[in-house]
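Two complexes, one shared chain (chain A), two partners (chain B, chain C).
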Partner chain A sequence: MSQDHGPVVRLAVRVGPPGRTLEAAAGWALLAPSLVVLLLIVAWPLVQGIRLSFYDAHLLRPLSLAAWVGVANYLRFATDPNVLPYLRNQVIWVVGSVAGEVALGFVLALILNRDMRYRAFWRSIALLPWAMPIAATALIWQWIFNAEWGIANYTLRQIGVLQDNISWYTTPWRLWLVLLTTNAWRHFPFAYVSLLAGLQAIPREVVEAAEIDGAGPMAMFRTITLPLIRPVLWAVVLLLTIWRMNDFSMIWTMTRGGPGIDSMTFAPLVYVTAFNYFRLGQAAAIGGIMLAISLTLTMLYLRRTRMVV
Partner chain B sequence: MSKASQDGLTRRMLLSRAVRAAAGAGAARLALGTSLVALGTSSALAGPTASTVRFLSTHGGGILRRWEREVLLPAFKGSSPDVQVEIETISWDDLPVKLAAYVQANQAPDIASAFPSLVYDWAANGMLEPITDWLPKEWGDVRLPIVTKGPGPHVFGGKAYFAPWNTQLMGLVTRKDVLASAGVDPYRISSVATLLEALPRVAAKVNGGKPMPVPAGTPQAFIEGVGWVFEGNGLDHVADFAPTKKAAYLEALNTLKTLWSMSPEDALTWNAQSAKQGFLQGQVAFFSTGSWYLTDLLANNPDLANPDRVTIIAYPNGPRRPRPHLNWTATGLVMLKGGKNKKDAAKFVEVATSPPIASRRTPHDMLPLRGYTVDDRVKTSALGEQVRWWVAQWLNLRNRSDIRGESVFFARNETLAIWHQQAIRMMRGQQGVEETYEIMRRGIEPLQQRR
Partner chain C sequence: MSPWLDAVAGWRARRRLGGALAYAVLLALLAWLLFPYFWMVTTSLRPSDKIFTPTPQFLPRPLTLENYVWAFGEETFRRPLWNSAVTATATALLSVGLSAIGAYSLARYRYRGKQPLITTLLITQMLPGTLLVLPIFLLINRIGLYNTYTGVVLAFTSFTVPYSLVLLRSFFVELPVELEEQAMVDGCSRLRAFVYVVLPLALPVLAAVMLFDFVWVWNDILWNTTLTRSTDRVGASVALNNLTTDVRVVANWGGILAQGVLITLPIAVIFAFLQRYLVGALTAGAVKG
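Presenting the complex of A and B:
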């Protein structure tokens, strides 16, 4: 038996077969309530959702009338003329969001890891965006970038960058800039907190030894900080990727996926397909595809964290 | 050992007293209940005996909630004292989803708010009860010929599924003062050609130089903003891809493209609310809306709410239609097939749509009745004389223009989403007019097959 299985198995081997059975039974009995709840609130809806994706289910018609259509819903999505724009939007959203959150979080973590006056106060301030409701954040930033009355246009005009107001939401690259900026502001504290904790865990003697050896700030960052914080960074990136994959609130509140489908990612698409077009089966299929991608990333995350712990 | 409490009683004694008191009260309550039931006067103890009508209502602000509470419910209570009404109020946006969810869960309300374009999909999918089967014949005799003008959206398979409590007209609300400063007489704008001729002159008089909004923030705002271009050129609606009408459709798409060049760029993200703001603040000089807009105008910019500054014109016609037109729409009630109390629900619909009750619902809408006049409206409106000029303008236009029913087609949301996306691509110059037509047709035509 592999030693990776930990103390429980080693204990069971010591006690012998009858004890092991008894202990296993007790373990299962203690786990049973949680397992039942998990089955009810996670496994059952998941199975139903996947099952639904193989039916021609429509929200306005009784589900009992839904016909089995095999993989037609998946094929319909795969052959949708908009599938490439949806995928492109999804990639821009996930990569851009994660990059923005991690970059902002990392920079702040590096700054606030240094000795400074009122450090505790600044560290608390950096967490504030996390406390803001997403809908409120989205609406505030929507106003900041309003073409007519927004403070962004006003400021850019005042400092001479713009001559006239510009419309931030009508050109795809500006639209994504607004969405990703808003998202980075709202969500960076997770990366910041995790990376700050990672930075604090770097042994002081390693840093001091590098300093004695004459390493400059860049060399310290490249050869000490980055390698030692890499496990945390990797976990943060993976977790954020999984969360942004399924993120709905920010895009929905700010643009509803528009104009047209300019900012339509998978999560709002599932909502629109189910509740605007009433195509439950089709929405479940898109949800199934999202699930598969998220599961792959989750497995990657689990393997990675097991590797580094 | 128990510790004595302040008045000398032990905890055990206190507990014992409390139990005895509770038992005594329960026995007394039981005895009282029994005797009341025996006398046939109990309601609270024996449980409610009244039947209940469940109404899924939509709100358009406090004025409608007040009407429900102070006018509708007392009136219904007067005619059906034993029937309880349970009202759940939600937004128009949430209505389709919530209603569908209730129906799926076998929890359909008895009645729901609706407007015609919603009714079409609901009736086609078997969610609704033919409402006129439950109402007296006179009800339909008086209202249906007025509101349908031929087979309307709520008359489906020969059955009527919708009871309107008002009628509303839609046209182009126009900044008369701005047009006057540009030397443009709004009443001379009757065709697309005259509109396009006037727009460059008006452009010089609005902030930003773009007077004609094409609000494309949502598919619904887009269709309300520019759907008239298509209907005004001989098409039934934007899902009308009959081969014989292809030339008319292409002309309408070209007009849309031209109008876009006269629209603020930001309008690509405008919903109805932002289009309204643009109009109120003088950013644009036209706003496609309905007779319901008066309340907003009075609330947000009362200075504009006078006939010298704002006027209404009918939707200009394209080359394939002889006259300008107004769109007709309404709000009202539907009965759900899965409702549990259809008989009382029908009584409720009858009371809610009766002229003395419905006429007090909103200050500006018209009743779906023959011969209804401006004076009738002023008499029953909460805004009194303030509505006269507004209602008079709409009724005057009604007599001089074609009236079209609200555009209805299957799979409304999905159809509009496809249309919206392709129209935006065309307006941005990412695809040509012909190509846009073909992509729209390929996406939308299959959705129009009756499911």
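Presenting the complex of A and C:
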């Protein structure tokens, strides 16, 4: 080390590292209480959950009697006679709900990004579904789609689409229509808010320049809006895919996965397998599959948003 | 007219047409968004012979509060309402109490491992709750906390603590650092600066995050379903949802819709207060990064 840098180095040694160490120690100390909670009720259960998936754990037997069975629980799920309906339901649910939320959110964001009177008011109205608890949401939509007295059947009869009342739950496509409509209604505000923020971030000059060049609405959307909003759109789609894939509340409150297994997706299936059929290991294996997909998508998401390179 | 003016005129006309179309779509969508609220409230105010009718009235006449009398009279609903209030308040206080200092550390202190930690907090929001619920159920059961307030509150914090940390951190980052520096120049320790300068300024923010935690617990289905059993511990959302499958009341749509209004009311009021924070909280650590 050259003598010229002596004072600088000495200063750094005296003030820098000890100060830094102290700051780091204080920082960790302040975090400690939260970290204890996180380790206890997130990290530990996560590890235990994964472990469970490799044991033939049964809810009504002491856990200490559970034997290691390797990937048997995973294989058993893969060879379950109902695995195809479960997969089909899961795909319909995830694709349908993400598509519905994004479409609705995008259309509203595009409209509410325009200059218009009372815009702030319209914008806050669009957030309203978010204020309704899931249990109440399920309730009112069940009532709307009630077979005998529901307003949906009544309206469809009035406009001549239906001759007689129908049950909305007994035909799979109608069942999913009800579930996906309810979900889109309740959950679209996230896509709406995120996309609206993305649209607002598009520089005005770019839009104005395109307008002066005579770009029509469609051309404008294709060449300006869509390319510039694409990163946000991707992030929203990835996040929603993860969340809907793991979502329990909506299907559970609406149908409990029924009738039969007609709307059984992975999340309610984990619950039912563990708490109705007591097959803990099997349930954990299904959860393990969900975890693997979630983490893969999360990595993709973190890369996209450049939080992890 | 010059071609240029022509182009502008044509563009204006198209724009006006586009504007009308946009309005039409907007109004149709907003009507659809509002309808369930309207239908829930008005149905809950109808006498039963106006609920079960082949041709429903759009607006109920006469109005009646009998459904609300029934709703409040049901012990299987009144008690869960109280349970939700207790567990939601306790969770909110506990999570914000724990995460306020943690979030301050994440916002202001420099140390290695901080960024990975923040990323980890975000990842916890992506984990399948139904997987976590299995070991937590076993644990809670083993330590004798099944069907207790303590048990559910503890489980709720698995979501609310990471969420509050991320949310509070993003708020703390936006507080001007100069105030603390000033206090420290005046001889305050960093901790004193936090307690006497930052916390008072952050009070509205702390209250906001507390309310978000409260709403989260109020809406919860999964943890309540798994960790509680009896009317004297179960939350209102789950209790109401279970009522819809209860043959005893399943025919009383007016009554359960009144209960639906009642569990929505506190959340709607809270969101009205939270308007300012709503968007930030919705996208905290998600799209914004």
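One rule holds in what follows: the second predicted complex is superposed on the first by the 268 of 309 C-alpha atoms of A that agree within 3 Å, B and C clash if a C-alpha of one lies under 4 Å from a C-alpha of the other, contacts with A are read in each partner's own complex, and residues count from 1 in each chain.
Convention: a contact is a pair of C-beta atoms (placed from the backbone, for glycine too) under 8 Å apart; a residue touches a chain by one contact, two chains touch by 3 or more.
Predicted, not measured: the structure shown is a model, and the values here were computed from it.
Student: On the A-aligned overlay, A:Val37 touches which partner chain: chain B = first, chain C = second, or both, or neither?
Tutor: In the superposition, A:Val37 contacts chain C only.
Student: Where does A:Gly258 make contact in the superposed view: on chain B (first), on chain C (second), on both, or on neither?
Tutor: After superposing on A, A:Gly258 lies in contact with chain B but is clear of chain C.
Student: Go through the superposed model and pick first if A:Pro45 touches only chain B, second if only chain C, both, or neither.
Tutor: After superposing on A, A:Pro45 lies in contact with chain C but is clear of chain B.
Student: Look at A:Met132 in the shared chain and tell me whether it touches chain B only, chain C only, both, or neither; answer first, second, both or neither.
Tutor: After superposing on A, A:Met132 lies in contact with chain C but is clear of chain B.
Student: Return first, second, both or neither, reflecting whether A:Leu295 touches chain B, chain C, both chains, or no partner chain.
Tutor: second
Student: Quick one: classify A:Pro189 as touching chain B (first), chain C (second), both or neither.
Tutor: Only chain C; A:Pro189 stays clear of chain B.
Student: Under the stated touch criterion, which partner chain does A:Val161 make contact with: chain B (first), chain C (second), both, or neither?
Tutor: Once the two structures are laid over each other on A, A:Val161 reaches no partner at all.
Student: So which one touches more of the residues on chain A, chain B or chain C?
Tutor: Counting residues of chain A touched by each partner, the higher count goes to C.
Student: A:Phe275 in the overlay: touching chain B, chain C, both, or neither? Say first, second, both or neither.
Tutor: Touch partners of A:Phe275: chain B and chain C.
Student: Which partner does A:Leu63 reach: the first (chain B), the second (chain C), both, or neither?
Tutor: both
Student: Counting contacts the way the document defines them, which residues of chain A are shared by the two interfaces, the one with chain B and the one with chain C?
Tutor: 63, 148, 256, 275
Student: Help me check something: in the complex, which residues belonging to chain B touch chain A?
Tutor: 96-97, 100-101, 103-104, 121-122, 125-127, 216-218, 264-266, 268-269, 283, 411, 413-414, 417, 420-421, 424-425, 439, 443, 451
Student: Enumerate the contact residues on chain C facing chain A in the complex.
Tutor: 7, 11, 14-15, 18-19, 22-23, 25-26, 29-30, 32-34, 36-37, 39-40, 43, 51-56, 98-99, 101-102, 104-106, 109-112, 114, 117, 119, 121-124, 126-139, 154-155, 157-158, 161-162, 165, 190, 218-222, 225-226, 236-238, 240-241, 244-245, 253, 256-257, 260-261, 263-264, 267-268, 271, 275, 278-279, 282-283, 286-289
Student: Note which residues of chain A are touching chain B in the complex, please.
Tutor: That would be residues 58-63, 81-82, 147-148, 167, 169-170, 255-256, 258-261, 272, 275-279 of chain A.
Student: Going by the contact rule at the top, pick out the chain A residues touching chain C in the complex.
Tutor: The touching residues are 20, 23-24, 26-31, 33-35, 37-38, 41-42, 44-46, 48-49, 52, 63, 104, 107-108, 111-112, 114, 116, 122, 124-144, 146, 148-149, 151, 154, 185, 189-190, 193-194, 197-198, 211, 214, 216-217, 232, 235-236, 239, 242-243, 245-246, 248-249, 252-253, 256, 266-268, 270-271, 274-275, 280, 283-284, 287-288, 290-291, 294-295, 297-298, 301-302, 305-308.
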